[in-house]
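Alright, structures below, take your time with them.
Here chain A shows up in two complexes: once beside chain B, once beside chain C.
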Partner chain A sequence: MAFSAGLRGQYQSDLAGLREAGLFKEERFIHSPQAARIEVEFPAGAAPKPVINLCSNNYLGLSSHPEVVAAAHAGLDARGYGMSSVRFICGTQDIHRELERRLTAFLGTEDTLLFPSCMDANAGVFEAVLTDKDVMIADRLVHASIVDGMRLCKAMTDTFKHADMGHLEEKLQEHQDKRSRIVITDGVFSMDGDVAKLDEIVALAEKHDAMVFVDESHASGFIGRTGRGTHEHCGVLGRIDVITTTLGKALGGASGGCVSGRRELVEMCRQRARPYLFSNTVPPVIVAAAIKVLDLIGGTTERRDTLERNTAYWRRLLTEAGFDVKAGDSPIVPVMLYNAKLAQDVARDLFAEGIYVVGFFFPVVAKGQARIRTQLSAAHEKEHLDAAIEAFVKVGRRHGILGLGRNEIVEKFGL
Partner chain B sequence: MPEHRAITVRLPDRVEPTSLDLELLKATFQAIVALRFESAKEWETVLHQLEEQGWSVGWGLAWMAEARRGDDFEQASGRTLDEALNQLSQLARLDMVGHCP
Partner chain C sequence: MDELKKTIREYIAKEYLEEGDDRTVGDGTPLITGGIVDSFSMVSLKRFLERKYAIRIPDAEATPEAFDTVERIAALVNRFTKTGAV
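Up next, the complex of A and B:
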């Protein structure tokens, strides 16, 4: 038996170690569609509990929107369930081409290529367009999928301090001997919710002859005046060389992602990106629904505007209640607790009060930066946020953290 | 166990070798021994095979740097110690936090 008792014991010990370290991830079973209010079975076996959801990426509230669901049904009827093929053999339908064209227009780029996920897009794009003569210069807080993509690429790896434009310029100067340089950043950073200084990044890249790559997963659909993303927000539409983004968050929330940007770079991905070449095509049902999502957000900014109002309202409620909130404008609103156990305890108590949030701590965030990441949605009504703040205040009061800043929390609970 | 044979090099009185000097001497002798005694010179066969397959092969001695923290492991190589450690540092920085979906 290859999977011997000894080997099994080793894995059991490793898993026990994760539990002891508080790093074991447990799934919560949701008994309802994704929405502002959901029913969650937790712990496993417990009766489903109705809770207000403050931890999904359903930014525009489109995950269960009736028109999106209807479009998915229609797509299923018209184009079937699966394609049983990768794209370049017999997996590309007319609707795949249509969605790619629609995403190109929405993102303001030259061309777009769908991937099974943005994780796959990020894993494949660098290797497809760069060689060992090039250098990748990434913000130190870019998403894990970008890190994986960089590791798969032969180009040299370098980093700059998070959002530090001076450091980025030093790096750009240092690597002038390379064939090409690419600056890599998230548009909105997933843990802190801060927005990249894309205008400054683009200016530096143009000055030092570098390309710019932006992952817009936490931005597409709602950042910027018409929701096109961080490049719209920063006034650099059309000046980004590569954008990756996901259909798995604001844009319907199912799955799928894309590489969008300069025509030649997208074509290189079509020819060489391994996750594209060796994964099945995005299912027709998702493609049809994503086209409907683009119809919905192309016609009006109502949902994006609602999300902006909800975000401002929620930030104000938390701040006025005395929570330590990371500054910013994005719908990712981190409530800073610094201490890992405190973050877990507060999240547990909030769940008991009917609010679903998750505590994050090392290694998901840096040591001493534990927090609860709240995420807003256009699907939230004022009553949801009012109920949520009531619970936050109750739990915050119980733990004695209201009105405390970092130093006081650290003094009281340690790091 | 046979005794290890060793070469002792007497240093001039005023020379104070740094830890890097000693590391360099050690690496140099290890490289000489490895190249001199590699069994059956298998590397030459592999090199020729690669060249026959159309690869243009370059090879040489390099610095290897490794970093371990718990289960995390990073490894980098470079023509100079600076190059290897800088690359190692970049790889370690990319893993600074686990990030969140």
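Up next, the complex of A and C:
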């Protein structure tokens, strides 16, 4: 069918609907490398404005690190730009396998398979390893890519209340008639920043004969004493059956992801996971840089320690200033505003003050749970955070929210 | 029918509301569009109803629209029960 005027009108009306509902997303153009301080053109056509970045996943500050950039250049020179192939035809270089071995050692698993992204890893892994005789039991706040992956899989789906171990145990008991059970969780939840109770989840899974799946995208590189992830933090290294994670956040921030875990499960992904089978290989330039990232964080915990200090400092600044901050241990620090319009207004005003943050509201988070999600980086200096809190206090004062808890904010602004 | 709605309301409160959540679920309360039940977690409600009333609700009928209120869910269950009056 041609793209008729009527059809065009329908799409225009759908887009207008998104705008009216406040769900229309607009990109902001960054005129500099990813860093703690960036130049942002917003709205489109405006002169680029220097701002402090508090909303990237550049947790370890490696996205533009000179040694990572140099390794990328070297990889480009040594192995070329593209492979023009999926992995299993002619798209696997020696460095792809080397990176998989390095990730296996870093994550403390048995084997690893690279995917074009963690979104792809999550989209492919469940269908590859489970059948209609199995059941997937997921925390209700898992990332959207996991939800998509579960929808593509024939196994039965079930969910448990966020971080509710009693509810999880009920579900595990309920599904004892299945061939296998797999408990699915994020390691660190991307919107709330809380860390999964992986020690309790593993204990329940072992008690009720279930596998454990963890998405470590917001954990790999910095959670745990040596940054290996939530399983290190919770003392269950070697007891997770499937880990997915990304190279697109702390581990260099470019793109690429992986499935890592039990040898047979990883091999099933190599044989069956459709995003691996039908999508191009991770480009050599990213593979070479990712190996350098693992070199950099393998020898020292300095970066994750700096990130931990920055997070503690930022949490203290926000709390002392009177903001309602969600408790947690990760560098995701949500400033709770509850009301969607308030979250958007505060984010806009902070941008005007030179602080780049984003407001999140329903359907990205639950209704009445609107917030500004701030994210720390090892690249932040004390001066960045001091300047940021000054702007937060100025904007907070303007909106009259300092010192207010949930009930007072809701009373003042509604839900 | 009232008993059926009560059973559904009780299940929703137990299965989907978090501790401390003071929202009440009435027969016309929007569940999915109101953010109480997400469409992904809806499957446990469908399975509960199928088991409790020994019915089979085809996936094509188990839409977010059909599950959006206790009223609609009860009507759906009634359609698939033999007597039509649970």
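Rule of thumb we're sticking to: the second predicted complex is superposed on the first by the 414 of 415 C-alpha atoms of A that agree within 3 Å, B and C clash if a C-alpha of one lies under 4 Å from a C-alpha of the other, contacts with A are read in each partner's own complex, and residues count from 1 in each chain.
The rule is simple: a contact is a pair of C-beta atoms (placed from the backbone, for glycine too) under 8 Å apart; a residue touches a chain by one contact, two chains touch by 3 or more.
All values derive from a computational prediction rather than experimental measurement.
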Checklist entry - Which holds for A:T159: it touches chain B only (first), chain C only (second), both, or neither? => result both
Checklist entry - Which chain makes contact with more of the residues of chain A, chain B or else chain C? => result B
Item to check | Partner chain(s) touched by A:S279 [first = chain B, second = chain C, both, neither] | outcome: neither
Checklist entry - Between chain B (first) and chain C (second), which, if any, makes contact with A:T92: first, second, both or neither? => result neither
Next on the checklist: Contacts for A:A366 in the overlay, against chain B (first) and chain C (second): which applies, first, second, both or neither?
Outcome noted: both
Next on the checklist: If we overlay the two complexes on their shared chain A, which of chain B and chain C does A:T301 touch? Say first, second, both or neither.
Outcome noted: neither
Next on the checklist: Going by the contact rule set out at the top, does A:H143 touch chain B (first), chain C (second), both, or neither?
Outcome noted: first
Checklist entry - Is A:M191 in contact with chain B, with chain C, with both, or with neither (first, second, both, neither)? => result first
Checklist outcome for this item: Contacts of chain A common to chain B and chain C in the A-superposed view 140, 147, 150-151, 156-159, 362-363, 366
Item to check | In the complex with chain A, residue positions of chain B that touch it | outcome: 87, 90-91, 93-101
Item to check | Footprint of chain B on chain A - complex, ascending | outcome: 57, 138, 140-141, 143-144, 147, 150-151, 156-159, 190-191, 360, 362-366, 373
Item to check | Interfacial residue positions of chain A with respect to chain C in the complex | outcome: 140, 147, 150-151, 156-159, 161-162, 164, 362-363, 366-367
Item to check | Residue numbers on chain C that touch chain A, as the complex places them | outcome: 16, 18, 34-35, 38, 40-41, 43-44, 47
